[in-house]
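Paired with subunit B in one complex and with subunit C in the other, subunit A is shared by the two complexes that follow.
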Partner chain A sequence: MKRFIPLIVLALLAVLPFLGLSSYVMHLFILVVMWSVSGMAWNLLGGYCGQVSFGHAAFFGLGAYCAGLVSFHLGLSPWWGFLVSVPFVAVTALIMGLIVLRLRGPYFVLATLALGEIMRITAENLTTLTQGNLGIMIQRTWVEKTAYYYIILALAALTFAAIKVLAESRWGYYFVAIREDQDAAESLGINTTLYKTIALAVSAVFTGFSGAFYMNYMGYIDPQVVFSLGDISILTIMVVMVGGVATYWGPIVGAVIMVLLAEVIRSLPYIGTAYQTLFGVLLIVIIIYLPNGLVGDREKLARLFGKKGAAA
Partner chain B sequence: MALLEVDKISMFFGGLAALSNISYGVEKGEILALIGPNGAGKTTLFNVVNGFYKPSRGEVRFNGRRISGLKPHQICALGVARTFQVVKPLQRMSVLDNVIASAFLRAKTKAGAERRAMAILEFTGLTEDKDVLSKGLPLGKRKRLEIARALATEPELILLDESFAGLNPAELDVSIEIIKEIKKKGITIMIIEHHMKVIMSISDRIVVLNYGQKIAEGSPVEISANPLVVEAYLGEAEGA
Partner chain C sequence: MWVQLEVFLQTLIAGILLGGLYALIGIGMTLILGVMKIINLTHGQLMMVAMYIAFWLFSLFHIDPYVSLLIAPPLLFLLGMFLQKALINPVLRVESILPHNQVILTVGIGMVLQNLATIFFTSDYRSTPVDYATDAWYLSDFWHNAPFELSLSYPWSVSFLLSVLITTALWFFLTKTDTGKSIRATAQDRDAAMLMGVNVGFMRVITFGLGAALVGAAGCLFIPIYYLFPALGSQFTLIAFVITILGGLGSTMGAILGGLILGVFESMTATYVGMGWAPVGRFAIFVAALVFLPGGVASLLKRKAVSK
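After this line comes the complex of A and B, so read on.
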């Protein structure tokens, strides 16, 4: 039965557009699913392999620019961006890997953060290619939301399945072994450099897909948006932390919460502009009380909310 | 030719000579014990053999092939496995998954790795703990998990770093039995141990280190009669 839960969820989500929901509600669903993809992708590297990246905006932005630029410069459909992004994102990830994967702990974190920022600054200054802070505007394929929704849902299903297969394979064991103790993993015959690089590359490519979708869906990007440390890199981490690190469902639950929370907080008078501060506070609360996220600590949550009698 | 040849190995940390010009061989099928007081350089020697440290001088050969300079995972793949003095279990993985992760080195499929891991858990007496997260294991069993993981890589030579330290007498007997069984499988063993009774009863030969120097090498009987060793080590142990 448990095996079918992903399929059931997918089926339920697939009938959503038939419910006659407003365009705004569909927009929120699209964002939730898109953030699930980013979160699941980050989770592979950060959650399973234990390499916490603060620079995933580099891949998100690169994917977005691949989609934007094939349309802007070459006049191709921006959907080609998905395909074009794969080599660009993968090569960037490999170069990044050479630099950052030899570092451990806080040094790794800082190096990824710096690389994300380098990508943003590069995009801002390579004006002949990217138009810098003017941004890239493209013609959207559809006005209506339904097609976008199905495309991102299909991408999310693919990402979910790919990560589940990976996590339960030899690679998944190696990723977790590296997370738990790199020296032990290495001495047990695991080529830690190689497998960290694989985790980074796969994680990056799926993040790039999320970015390529963003370009197609929004029709406009600029470096400050898609290479944003706060709105992309850190939000991706929050999606996973809130939902549950190294769980299949965590990034999805986290995406629901973060997208809704962002909407609610931003619409509040006065404090709306301080939403990043509030996110920061939320993150601290989560780390202290639910370090494994809502999914990882669900038993703890159930206890808190009075299922005591039933559970005991 | 010995299975493992340690050839004029020196290892410096800044000005400290943790190992100075150490040479000896480990013969196929034997149990060689490495003993010496705290800080003598025993663990450092393991780190050199298994590839964590690149020796400052000298080289290590395994099956006649130079292995110093290779990465630990490459040395493991060639057939040298080790355990850690300060145990390093993969904490948030179950005991079984810990061993499966190692068994993948030689297994082609997940089912194969799992079968191999189950057999090794049986061998090391950890079967009933297979679903326990390894961070929840008591020390005695963690030490055995270290051995199980190393065995899962199907080594020709296994390096055991104080696998008996901190065990109670019952656990000690279990572990000694396991070591003897490993030897029976034809696996060569190099073991670091402070427990003199254990060392004298299981080892074929002993190498003694003191302040990074090899001060003696020989059979247990020879070593216990060697005045240098008695002074450096045994005397101290008896006094303690």
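After this line comes the complex of A and C, so read on.
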């Protein structure tokens, strides 16, 4: 039975558009699914392989710009951005990997953070290519949300399956071995640099897809938005931290919570501007009390709330 | 020819003055990193808080920013101690899958500080319009027939000198006093320090407070010559860790040199490449340091000492 849960969830999500939900609710669902793609991608590198990246906005933004520029400069449909983004994002990830993957712990965190920022500043300054802070505006393909919803849902299903297959393969065990003790993994004959690079590249490509979808869906991007440290890199980490590190469902649960929180809080009068404070407080509380996230620490939660928590 | 030399020297002066202030930011970061082994990604936000304290003291009570050096850093010291005791210490004890929880925690603290500043003080750009802001010493005042003109801004120089003074005082504190020695012992080897009777937990709290106070002092020195807005914190957090990596993690001397190098480098990129690219130069030098000189400038100093 447990094996079919992903399929059941997918089927339930697939019939959602037939319920005649309002366009705003569909928008929320699209955002949730998009963030869970980003979260799942980050989770592969951060959760399973233990390499906490603060620079995933670099890949998100690159994916978005691939889609945008294909349409803006070449006049192609922005959907080609998905295909175009793969080589660009993968090569960027490999170059980045060359630099940052030989670093450990705090060095790695800082290096990824810096590379994400370099990408943003480069995009801001290469005005001939990217229009700088003016941003890029494209014609959206559909006004209706349903098509976008199915595309991102398919993408999410693909990401989920890919990460599940990868995490349960030999490679997945290598990733976890690297996370738990890199020196021990190395001494067992695991080529740690190679496997960290694989994790980074796969994680980057899926994040790039998420970015390319963002461009297609939103129709407008600028460097401050898609390369943002706070709104992309850190929000991705929060999605995974809140949901559960190194779990299949963690990023999805995290995305639901973060998107709903963001929308609910931002729509409240007065408190709306304080949403980052509440995010920060949530992050602090999660790290202190549920360091492995809602899914990862669900036994702890169940103990707290009695049987009610166990059922949820 | 003279014009080019003039531009170069003026850029160099600006870079060194900026570097002196950067050094102060870097030292606070490197102290915390050395003793606690965590990256404080809320360092710049603490500086922002100090700058707001100085700003409000100036606009409400007309207290000169340099005088608020006596007020803001002690407040920041208390804030730093509180953050360490109430939030960071509990996380150090929690078992979790990811080892970087403390870093993510400091990011969360930074978010809260920045957002609170935006709510309470709005995101307007602010500055303290001190009446000596544009005063400067000119080379031609001292040397009448000088073939070129150089200027030395009055507030920049005062800030620089005060920064040097604070650094010297810190050096005395760390090398001559018992508390200072205990902090250095904790940084070198926590377990050994504990066995020697050093209260390691207390030293951590003190160090975080001290780091916050130092960056708070840097904020007071920056406000007369810079402008202030809530998002400024993240920019200075980035600067602080670039300096730390450049100097070598946990090395005070390295942080000073790293600050100076970064200051001069940034001012050179701004003059010769373009204003917008200065941050890229900052990160390029950072990545280069990570790849080619992972121990930072401190490792070069050490190598020299060994070969002697």
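The rule is simple: the second predicted complex is superposed on the first by the 307 of 312 C-alpha atoms of A that agree within 3 Å, B and C clash if a C-alpha of one lies under 4 Å from a C-alpha of the other, contacts with A are read in each partner's own complex, and residues count from 1 in each chain.
Basically, a contact is a pair of C-beta atoms (placed from the backbone, for glycine too) under 8 Å apart; a residue touches a chain by one contact, two chains touch by 3 or more.
All values derive from a computational prediction rather than experimental measurement.
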Partners on subunit A (subunit B, subunit C) - clash or fit: fit
Inter-chain angle, subunit B to subunit C through the CA centre of subunit A, in degrees rounded to a multiple of 10: 80
Touched partner set for A:183, first subunit B, second subunit C, both or neither: first
First, second, both or neither for A:107, with subunit B first and subunit C second: second
Touching partner for A:191 - first (subunit B), second (subunit C), both, neither: first
Subunit B versus subunit C as contact partner of A:170, first or second or both or neither: first
Subunit A residues touched by each partner, larger count belonging to subunit B or subunit C: C
First, second, both or neither for A:251, with subunit B first and subunit C second: neither
First (subunit B), second (subunit C), both or neither touched by A:46: second
Subunit C versus subunit B - closest C-alpha approach in the superposed model, Å: 7
Footprint overlap on subunit A, comparing subunit B with subunit C: none
Touching residues (chain side subunit A, partner subunit C) in the complex: 46-47, 50, 52, 54, 99-100, 103, 105-107, 109-111, 113-115, 117-118, 121-122, 124-125, 179, 229-230, 234, 237, 241, 245-246, 273-277, 279-281, 283-284, 287-288, 291-292, 296
Residue ranges of subunit C touching subunit A (in the complex, touch as defined): 33, 37-39, 87, 90-91, 94-101, 103-105, 107-112, 114-116, 118-119, 234, 238, 241-242, 245, 249, 274, 276-277, 279-280, 283-284, 286-287, 290-291, 294
Partner subunit B, residues of subunit A touching it in the complex: 168-170, 173-174, 176-177, 180-181, 183-192
Subunit A partner contacts - residues on subunit B that touch it in the complex: 50, 52, 71-74, 76-77, 81-82, 84, 88-93, 97, 100-102, 104-105, 110, 113, 149-150, 152-153
